[in-house]
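One chain, subunit A, appears in both complexes that follow, with subunit B as partner in the first and subunit C in the second.
Right, the complex of A and B next:
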């Protein structure tokens, strides 16, 4: 799985950080999401998918790798 | 739940509609969701915007860039006369579109980020425990709204913003005026003027003597550097203050009523100290109650199709999050309150770029409250039957006006 995060779209809702804290974090300065792991291991796929589904700004895209 | 459906539904029924059960959305909304999920409704001013009732359609509309949240656009479905006439005053990011919206919102995203709200958890716990101590030491019955549900978010948002809690009677009163459907245009404008005047003075004081709070940061970072005007900061403060009060307070009070009415669900909260179980329960209560019950208001900027219906540029749209959160396609057995269900994808905080900025704060507050109050006051009970409670049908945010409880 490849994760693509569009920081320009992110509205800092923190949904991704809540469900997938190993994959996403928020920048201290402005609360915008940052990608910690662009290629999460199989064990984190479910929560990463959930983060993409919850993101209100459609800022998270997933691609198979 | 089965409802009796009206025999001859009007073509564009009046919105908002009357509730049946005080905890469920109006039965008429369920009928519309089944029979004509995207249909016209009639508002207070005679306008007939589109009402969107299905979960998938609501999310699609709220995330669609061809849909605007700009209250000044012709066709925008205003919820009250007050909102219609207030619109041309200083605009807030919740009524702007990108890129202006994003630029303004980003001034605040760091203040409400998950990490910071988590760091506040011990302080929120202290506030909640202190208020429960006071409640238990006071007379019975007590009004849980006044003694607990309102003070929790009020104290927290005051500390965050840097607003003196001692002035709470003043801004509680104005905040109430601003979320009441009964408020006239003049009353609304007067309340806004009074509150922005107060907050503007506060901004001046923060500029001279900044503290560790949001208003100080905006005063020194934005006003001091000429990026925002004093009135803009005061208006932003007003939004945060009102939103911070009216939503969480109602979730605490209304959530308590619904839990006391569903003792087996309440027991699940009392029985656990697992933060995950509590967090899940909070999401289900948010979904089930959806206290922002007037729908999310938008206007189409281009022609678009929603659920097979053509909506034309310039037509108003109301995305009804309350009935969307009771859509069986997204939530099996949608009317059941089930604290164990998976409900995180609810739209109680809205969806799209305008999704609630304060949601990480609301979550922590509600998690602390729901995991503390019923365990510390195990015999908590209503001091009045549910049928005698005053539900906030007249408010933009749903809840109870007062909640007499005993223990």
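Right, the complex of A and C next:
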């Protein structure tokens, strides 16, 4: 799985960090999401998909790697 | 279940359709949307689209190939006219009748209008993509703008109109912008934010009427009789659930489609998004007009329709961006709660705080402190006792 994060779309809601804290974090100054792991292991695929589904700004895209 | 109809093809309806397929529903799926566009996202309309930093196509909720993959029949530019919940049929304005085993109601809300004056050129509302493009075109040539209503939408539009160079007056009968949603302390901060950017904030003042000449708006007459000139007026005084088509259907209609904890409105009927009023297990009857809720409730309603639903108990979440300020809020943050700053400093334009009511934390907010707001969210989910978070060691 490859995770693509569009920081320009991100609104800083932090929903991704709530469900997948090993894959996403937020910048301190403006809350924009940052990618900790662009290629998460299989055990984290479910929570990464959940993060992409929940993102209110549709800023997370997933691709098969 | 072999025939599911989703009425409403925006965020809630689309999410419900996706959840149905994800959960293995393989039957017929029909989406009805009264706008001609494929599903698009509304929050950018009053921000990036209005400002012109995004072209309209960036608001698409999904790429066309993804939508094809849903295997659904799309009836766009088609409006539902009626529901017969006993016969399980939806009738469209053009006469087509859609039978269903399962129905998702996700028809959203309609902007409220002033009693008179909307026929004047230069008077706008903002709900749809077409509304946003028309408003943007108007703002590009407008010199003086009056925004009626200082809720989220009006406040966001005031910020963009100011950035585009217009002279803006923001009018509201309440004491401060967004006070109903965020309470007086944050509302006062918002008033100062807008005033600092040159907006004339006229609070505690209603609008008596719109003034027109030769079919064009020329200003707004306020309750005190004063006249504010305007060549563009945005009316942003809230919305009402789009339930006209459900009159006589047998569904309970109060403030929206009334549902139980599982988002069920009737046998085989669920509702989701702005239009749905449901019984939140922890918070009582709620109707939430926020983007995040459309996604979460669309999913919850779909699971209920397939028989695997659970009580829908989200922590409501919303955000708003105005000028260089990002506000994030969780839970209940209205004026019935008490707000206290627990991090940062309002004087420095960065703070986070909690809302308390009846001895418990019910909400959290960050003003240019999104990370802290997210951290404070746990007090909302845990309904931490209010005195505990108000002691220095408890933050």
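Here, the second predicted complex is superposed on the first by the 65 of 65 C-alpha atoms of A that agree within 3 Å, B and C clash if a C-alpha of one lies under 4 Å from a C-alpha of the other, contacts with A are read in each partner's own complex, and residues count from 1 in each chain.
Please note the rule applied: a contact is a pair of C-beta atoms (placed from the backbone, for glycine too) under 8 Å apart; a residue touches a chain by one contact, two chains touch by 3 or more.
What you are looking at is a predicted structure, and each value in this text was computed from that prediction instead of being measured.
Trainee: May I ask you to name which of subunit B and subunit C touches more residues of subunit A?
Mentor: B
Trainee: Considering only touches as defined above, state whether A:30 meets subunit B (first), subunit C (second), both or neither.
Mentor: A:30 sits against subunit B and subunit C alike.
Trainee: In the superposed arrangement, which partner chain does A:12 touch: subunit B (first), subunit C (second), both, or neither?
Mentor: Both subunit B and subunit C are touched by A:12.
Trainee: Return first, second, both or neither, reflecting whether A:50 touches subunit B, subunit C, both chains, or no partner chain.
Mentor: first
Trainee: Could you list which residues of subunit A make contact with subunit B in one structure and with subunit C in the other?
Mentor: Shared contact residues on subunit A: 11-14, 17-18, 26-28, 30-31, 53-54, 56-58.
Trainee: For a test of understanding, state which residues of subunit A touch subunit B in their complex under the given definition.
Mentor: 9, 11-14, 17-19, 25-32, 50, 53-54, 56-58
Trainee: State the interface residues of subunit C toward subunit A in the complex, per the touch definition above.
Mentor: Interface residues on subunit C, with respect to subunit A: 15, 41, 43, 61, 291-292, 295-296, 299, 317, 319, 321, 326, 328, 366, 368-371, 373-374, 377.
Trainee: Which part of subunit B faces subunit A closely enough to touch in the complex?
Mentor: 62-63, 102, 105-106, 109-115, 344-345, 349-357, 359-360, 363
Trainee: Which part of subunit A faces subunit C closely enough to touch in the complex?
Mentor: 11-15, 17-18, 26-28, 30-31, 53-54, 56-58
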